[in-house]
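Encoded as structure tokens, here's the structure I'll be asking about.
Letters A, B, C and D mark the chains as written, and numbering starts fresh at 1 in each.
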Amino acid sequence: MKVLVWNEFIHEKKKPEVAELYPNGMHNCIADFLRADDIEVRTATLDDEECGLTEEVLAETDVLIWWGHAGHNEVPDEIVERIHKYVVGGMGLIALHSAHFSKIFKKVMGTSCTLKWRNDERERIWTIMPNHPIAEGVDESFVIENEEMYGEPFDIAKPDDVIFIGWFKGGEVFRSGCTWTRGNGKVFYFQPGHETNPIFHNENVQKIIRNAVRWACPIKKNIEMGAPWSAPVEE
Amino acid sequence: MKVLVWNEFIHEKKKPEVAELYPNGMHNCIADFLRADDIEVRTATLDDEECGLTEEVLAETDVLIWWGHAGHNEVPDEIVERIHKYVVGGMGLIALHSAHFSKIFKKVMGTSCTLKWRNDERERIWTIMPNHPIAEGVDESFVIENEEMYGEPFDIAKPDDVIFIGWFKGGEVFRSGCTWTRGNGKVFYFQPGHETNPIFHNENVQKIIRNAVRWACPIKKNIEMGAPWSAPVEE
Amino acid sequence: MKVLVWNEFIHEKKKPEVAELYPNGMHNCIADFLRADDIEVRTATLDDEECGLTEEVLAETDVLIWWGHAGHNEVPDEIVERIHKYVVGGMGLIALHSAHFSKIFKKVMGTSCTLKWRNDERERIWTIMPNHPIAEGVDESFVIENEEMYGEPFDIAKPDDVIFIGWFKGGEVFRSGCTWTRGNGKVFYFQPGHETNPIFHNENVQKIIRNAVRWACPIKKNIEMGAPWSAPVEE
Amino acid sequence: MKVLVWNEFIHEKKKPEVAELYPNGMHNCIADFLRADDIEVRTATLDDEECGLTEEVLAETDVLIWWGHAGHNEVPDEIVERIHKYVVGGMGLIALHSAHFSKIFKKVMGTSCTLKWRNDERERIWTIMPNHPIAEGVDESFVIENEEMYGEPFDIAKPDDVIFIGWFKGGEVFRSGCTWTRGNGKVFYFQPGHETNPIFHNENVQKIIRNAVRWACPIKKNIEMGAPWSAPVEE
């Protein structure tokens, strides 16, 4: 299985507290905990040519993980179209945290993806579907001591499944882990992941993203979607 | 309630057989059977300034009906963004037949919207959810003697409800009537409606579109979707 | 529209604090705030013959509201079968609070309906789908100062829609307002309603139950469900 | 993985044409094509003590396959409760053909499970979700030359996914392959399987049932579902 971790890689270069948490960027932190005997992980950022999202790279990719925040608009529409083609063709997509406002996530949702937010809140994530593959080995509930609150209403398309719901000390709730299918591809959105918090060092978060990668891996990918004239199959 | 029937209005001007079926355009045919004491219906086409889809018009519109085929690309992206904003804000959207490939339907689906097709086939539409408002007064099944076959797999987002399934004499099946919610707006896709067939003169089709208009009419519209910083509501 | 409010009517007769809150029983409290020019409301309890749920009564009922807790087992299976027949035939069903363990709700769910619980907790209910009919006129979020905590995981069938999510001060979350369709009937589960709290005197709760009654009212009811041999409709 | 194929085993003993197709019963025909290096398959019938569905057997079973028709009522309610407990606890359930009217399938659906029917019809099954695990290696569409027609409306709970839709020469359609989750268990209903047709000798049918078994196999099973008092997890 080939996974590509895409991160805009902006905050790490501008905010010291983020560089301290993620010296090699969030993308490498995630790639490091994802690598396994049967999982090959690459990374790419906004700085790469074509954002590192060439036809060749995407054609090989089973699951694409996306982290973006300040640079959503820097991703060219043409590349977003290309990513979308591959998702519909079978490639899995995992959108993390502020990627709710990424062009690709908004494209697969077809909604505004708006929500409420506030930094520095205590969160407790509950597992709603304990026997779902993405929840394998995850506690009934776990705490993230400091995270950016995301609050409902979250304007997403109705999820196929809501696997996690988040509780925030300030009173809010959020559908923190949701799945969808788009064409032949699977999509998972996971809410934790604010750059100034050590979220990707959290064991439960790592477990969930590992599970999600295996869950999102397609049986077939690069499936061509066409609208052909079709002869009758019955007389 | 204010309904806007949008039709690209291309085929009626180019193909005599279509002009014969719809002398005032499909949009006026549809508008005519929709008008009621409590329903005011306007029409707009590709020929109108801004496609007739100005901010003022959309702000007033409760339900937008869309028919397009040859001219999907002629609708400016900027106008599609505007329509989408109003759908998410509450405006209902009814996409008819070849509108499956319209920019606005593809945008709310987030998928490729591909399917199989073949002209001049006999279709029978079955009501899967007889007690759904959109199926009110509709027969258990009804025939469209000559219609363009649309066949599965139909690459759409998972519908909230599949209200009608179509059977085609040549062997195909299709999820012919589907609903979704996008933000505050309701979306209904209805498969029949090929321009060279008298589909919009069919009683059952008229009943379904009338029902769908009432179903899609929002409680509130023009709801602003934002992502505001939010203070805690609990201590 | 004819509504029947069914309450086991046990606690009011045994616990003084409940009798104080609901001198005429929870059923009459609910019936009182439901009555309208176009809504006729009856009540029935465990004490009535056949639990007040005769064929004649159910055949006339558009929406059945259910409150039960200590007496779930006292409702004869035969009557539960009867209620189920009418739900599938079109009658709406609204299950309140501890009715999650009622025979009829468990029957339509097909799951165990288990959850976590704890008395005397502060709750805040969030509206996830602000433009849903059941949420009409309901605040973005509202507080119930003292309620019985119900916590996830809640073993229910996947809801068609999750309209409300509850936040509890003790850290839990819950899918507090959910809808389903069963046959021709609509089902709404609403979590608040513990008997020792003045829940049914709460304005937001009243508004939601009123909205839910209108939402659950069927277009047609008493639809016979059969599995007939059917002749071909096509040659 | 341990699979149990349950068949009422009535028709094979009464109708010569069925005995001819399935000399060792449908259960052994299915068990034979399911066995693999990593899949151990047992069978049980109505004739066995406790229908072969003891606590010990169910506790070991990962996936239960069910075929029933004339003997639905012969399965004691107590055993149906037991099966249901294990499904909710994680055991997968695959209901084949006339099992739509089995007590266990009706229990997990919560609906009447009614449909139309007619023997001896030509069917073509379409794959709606080609990249779903249950559709792996299955053709875009395949024919069953002679099968019992099952026609919509099919009164089931809304499926999580509709993987196959059937087309019948006599004009009907049917949601032929559907999935649900009930508690920790996965449920798959597959429509083909009339006893007087060689359905279980059909390659595509075999492939689908094999895929379904792997899909329905739980990560964890025998999960106890309780409704415990729960202490606060947050102050």
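Just so we're on the same page, a residue touches a chain if its C-beta (ideal position, glycine included) is under 8 Å from a C-beta of that chain, and two chains touch if they have at least 3 such contacts.
Worth saying up front: this structure is predicted, and the values here are computed from it rather than measured.
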Copy pair chain A, chain D: interface residue numbering same or different (half cut): same
A-C or A-B - the one linked by more C-beta pairs in contact: A-B
Where chain A and chain C are represented by their mean Cα positions, the distance between them in whole Å: 37
Inter-centroid spacing, chain B versus chain A (mean Cα positions, whole Å): 31
Junction residues of chain A - those touching two or more other chains: 124, 129-130, 141, 151, 158, 160-161, 167, 169, 171-172, 181, 233-234
Touch-based graph of the chains, sorted into line, ring, star, complete or other: complete
Chain D residues touching chain C - in the complex, by the definition given at the top: 85, 88, 101, 107-112, 114-118, 121, 149, 151, 155, 157-158, 160, 169-172, 180-183, 225-234
Footprint of chain B on chain C - complex, ascending: 90, 124, 129-131, 133, 136, 141, 160-161, 167, 169, 181, 184-185, 218-220, 223, 233-234
Residues of chain B touching chain D in the complex: 124, 126-130, 140-141, 151-154, 158, 161-162, 165-168, 171-173, 175
